[in-house]
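Have a look at this one before I ask anything.
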Amino acid sequence: MPASYAYLGPEGTFTEVALRTLPEAATRELIPYVSVQSALDAVRVGEAEAAFVPIENSVEGGITTTLDELVAGAPLMIYREVLLSITFALLVRPGTKLSDIKTVSAHPAAQPQVRNWLKKHLPDAHWESAASNADAARLVQEGQYDAAFAGEFAAARYGLEALETGIHDAENAQTRFVLVGRPARPAAPTGADKTSVVLWQRDDHPGGLRDLLGEFATRGINLMLLQSRPTGAGIGNYCFCIDAEGHISDRRVAEALMGLKRICLQVRYLGSYPRADMRPGDVRSPRPGTSDEEFVSAADWVARCQDGRF
Amino acid sequence: MPASYAYLGPEGTFTEVALRTLPEAATRELIPYVSVQSALDAVRVGEAEAAFVPIENSVEGGITTTLDELVAGAPLMIYREVLLSITFALLVRPGTKLSDIKTVSAHPAAQPQVRNWLKKHLPDAHWESAASNADAARLVQEGQYDAAFAGEFAAARYGLEALETGIHDAENAQTRFVLVGRPARPAAPTGADKTSVVLWQRDDHPGGLRDLLGEFATRGINLMLLQSRPTGAGIGNYCFCIDAEGHISDRRVAEALMGLKRICLQVRYLGSYPRADMRPGDVRSPRPGTSDEEFVSAADWVARCQDGRF
Amino acid sequence: MPASYAYLGPEGTFTEVALRTLPEAATRELIPYVSVQSALDAVRVGEAEAAFVPIENSVEGGITTTLDELVAGAPLMIYREVLLSITFALLVRPGTKLSDIKTVSAHPAAQPQVRNWLKKHLPDAHWESAASNADAARLVQEGQYDAAFAGEFAAARYGLEALETGIHDAENAQTRFVLVGRPARPAAPTGADKTSVVLWQRDDHPGGLRDLLGEFATRGINLMLLQSRPTGAGIGNYCFCIDAEGHISDRRVAEALMGLKRICLQVRYLGSYPRADMRPGDVRSPRPGTSDEEFVSAADWVARCQDGRF
Amino acid sequence: MPASYAYLGPEGTFTEVALRTLPEAATRELIPYVSVQSALDAVRVGEAEAAFVPIENSVEGGITTTLDELVAGAPLMIYREVLLSITFALLVRPGTKLSDIKTVSAHPAAQPQVRNWLKKHLPDAHWESAASNADAARLVQEGQYDAAFAGEFAAARYGLEALETGIHDAENAQTRFVLVGRPARPAAPTGADKTSVVLWQRDDHPGGLRDLLGEFATRGINLMLLQSRPTGAGIGNYCFCIDAEGHISDRRVAEALMGLKRICLQVRYLGSYPRADMRPGDVRSPRPGTSDEEFVSAADWVARCQDGRF
């Protein structure tokens, strides 16, 4: 097994910065790949131990290329997630002044985050899309454009300097990344975990999806993501990528998954892993009747009833 | 342990007839008691092995004295049920003609079943209530009344003859009886079973009872009886006596009971026993996703997910 | 229309006392009837303007004779309810001492309320059931028994005196009575009302009753009584007598009733009337989204959408 | 009001072909726009009467740029939808043979549909993405690439010929387009309609989304699309774009919308319009209890109860 992590490249992007926040990344070789698909395929074929890719952001929602890769093909599992706040720096060649800037470049995904800033400070600058923010920085280094929007961390790599930092039109702009590997035992529960699954409905009838969600709701389990994805069987046919609170070793989650397994056409388990948005102490108590203790005690009681001892 | 069954007496009533349909009754001493309470207490204190009492009929619904005895006090369990169709004979002293009858007697519960027949055939007869139909027959024997409504089987015992048989205003009049014992392992599942429980709600809020019933509904379990009974905590405070399809060893029933145990203030298990109204072959297939096989297979799948092998 | 109220007699019972708490009773002739059925029939045939009968108590729950009369036959409606706390006095002929009492009498319904008191103070007294508590008092007056359990108010009427008052084994023992008339416009809403209906399920399937209750639950309507009663179609066939919070002129109640009307085989409306257990100020605010204002505003919004103006 | 329709250009794409299937398109000027946003803005500012844009396809699911435009900004409404099966032709300059082709081009969205065909017939051809399939055809005309994947209809416009037609990796590949205008009265119901809305949850709790979907489910309304979109309030905050069966003038749909309006933070109505996938005769009967007749009859019944006439 290679001690390496594939990630969505190129180097010098937010993905790499997010990946480096994981302690285990320090002991792996980090290899950029040109697409989510190629990074995940590297894991599937054993070229990499795991892959690190974006899965959700506050502007686009679920990132469909990643979700579609997890939904189809050989099964993979999510082991970790990282949340990264996204703010941009305006990178220029040393000595460039704001008034010198005629062209700016970045990945198109950056545009919603910098549009208002541009309107205010560089209303006449011409926008050129780049394949990545890192690529935009490279093209500024090469003199093709005057300025790039990228992470501040990219300045050093490309010999640029940041004329402005902390640029973000939307407060709370964040991207969520996941570390994906081949199926294995999930990470141990921490008390603040989430579980990801993909659900395919057995048939389509009024209330079908409501009943699926009911398997979570009746056990007091909150949902954090519900993203429909086409099944490939024609327009209007969807499966559902769901992130739910809790760990598969929590009884309420295990029972909900069993219920889904019974009523769905298919369920794909994508893993249980620590939540990046809260620590164990921050998780509210589960709804009465849904704690592990209550599950164990109820199972004991039924066993005693089955035996006639109560 | 005395090899005896207590039953609601006196001798010569429908209860005794129903009891004698049980094969095991042939090998026990059958002892009449004056009330449901005294028959059940005989079981509780060890005077009798089991008690046989009416629990539901098609005119009155759940028989509250029996239900209240099962709801409160030392726990008891139901092991068998018997359904008996109730039709009456008009019993008279030999030689009595219809036109001779001026007074008729029976237990008050018989009245709704014979009212129309009386109106048509004996419009002028005077009704006198008796403590039991058997007692009415005895009083006819002693000459106090001219005729008694009772089971045809009572004629011989009291030296009477049946002027008319098969009297029943309501079609489908039936009484359901149960054999009740101290808690022990329930009867083995037959494929056509029912399970009885008493539920106390944790708190009273819109949807509280709906959620309790949802524990059955989401697992495809039909209900056959839902009878509210006062808890004793004041008007408007009820617990619920429920008969549900299936046996506690059916996975869907066991899981429903666990769910109820977790969300109810209290659950009293009253037993799982063969249904008297159908045989195993007559039971419809459970709803998709609720068979034992599907429960086992879903539990296996979750166990494999917990292990990362799927 | 006779300005008279029928009530369940005889005179001198708790029913009469409860009836006299209604201001309108002061201006009517109050006529005792021998049974609930005869009192309600008096209303149906126009002999009485309304009938006053017990419908629920804290020991027996729903009073089945009254419920069955409301469920079947020509439709009637409930216009008022009265709650009466039930405590007993021990009535004796003047001069009788506790140690003189060998026999006591009352209606059988009184027994659960005085059993413990008897065990403690008159362990050797012999119990004789009477047709009513008032009748027991009359029989004490006539010398047939030594003491009667009845309402203290009955003492004067029968020339007896109360050796003891406030006898009640169960705290919070109450009986609820209703004033029943022919169908007419319900009483105006007060802000603290209840609505009574009878529901017959269209068919019997897992979740059927849960779905009926869901019509109340999804609109934030709490239930105060759910009493199953046999439909007469054979054992296991039940309709449901339900008391729900709110008035039929409340939008959420009206919409719940419409929903029930659509999915039930049959719905019988039994009226909307002021709650006896709380005043308007005591009623908690309805669940968000279920107030009249929110219903009106949502209906307005849909009307505007239908018109393309929003 | 200009008698013109804006559409997502350029000319010669599937969007234009789909638009021309609408009879009303024959009487309008059809104006291509460079983006969904600019086409919809043309409607908002009154430059165009309506805009025609793709909203869902069988590969990508809901088209997020279109959904996000409908979710935010000045309200718009959908009046028509068109379903178009997507198959590609391989367009070349006249005389080009398969073996001559070294480079192929198309819009990236075409790639999943032609990948397998390319692997089999042109395994060595180099892929170049174009801004649209029509643009790819233009670049073939200009000699920049050897072949373009585009609709067969584009051949004539660019002086090309189709070497192969009917290319489609996935069966049932379809795109759904909608005609969007400023708010006005919805199209009259046809019996086979759908209704589009956007829902924002009031708060996030276990069962929240399940309850929203319950407003449709309890009224027997099937869903055809459920697409979550970020609200802009940070990662994990979503609203839901929903297509439901039926027309806002159907009582069950109107009542479901009222229910949603009451329990949601916000509801945006996006219109009711004829379904492109079935004709009125193909629509299955609504679930018992949810037809217009049953709604009207239930409302009548409640009105009669409110009046005391029943």
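All chains are identified by letter, namely A, B, C and D, in their written order; residue positions are counted from 1 within each chain.
Heads up, the rule we're going with is that contacts are C-beta pairs under 8 Å (C-beta built on N, C-alpha and C of every residue); 3 or more make two chains touch, one makes a residue touch a chain.
Chain-to-protein mapping (UniProt): A, B, C, D = Prephenate dehydratase.
The structure displayed is predicted, hence computed values, not measured ones.
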Same or different residue numbers at the chain A (Prephenate dehydratase)/chain D (Prephenate dehydratase) copy interface, by half rule: same
Interchain centroid distance [CA atoms averaged], chain A (Prephenate dehydratase)/chain C (Prephenate dehydratase), Å: 59
Euclidean distance of C-alpha centroids - chain A (Prephenate dehydratase) vs chain D (Prephenate dehydratase), Å: 27
Where chain C (Prephenate dehydratase) and chain D (Prephenate dehydratase) are represented by their mean Cα positions, the distance between them in whole Å: 58
Set of chain C (Prephenate dehydratase) residues in contact with two or more other chains: 211, 214, 218
Chain contact graph, described as a line, ring, star, complete graph or other shape: ring
Contact pairs between chains, per stated definition: A-B, A-D, B-C, C-D
Residues on chain C (Prephenate dehydratase) engaged by chain D (Prephenate dehydratase) in the complex (per definition of touch): 75, 77, 183-186, 202, 211, 214-215, 218, 248-249, 254-255, 257-259, 261-263, 267, 269, 288-290, 294-295, 297-299, 301-302, 305-310
Footprint of chain A (Prephenate dehydratase) on chain D (Prephenate dehydratase) - complex, ascending: 56-62, 64, 83, 170-176, 204-207, 209-211, 213-214, 216-230, 232-238, 277, 287
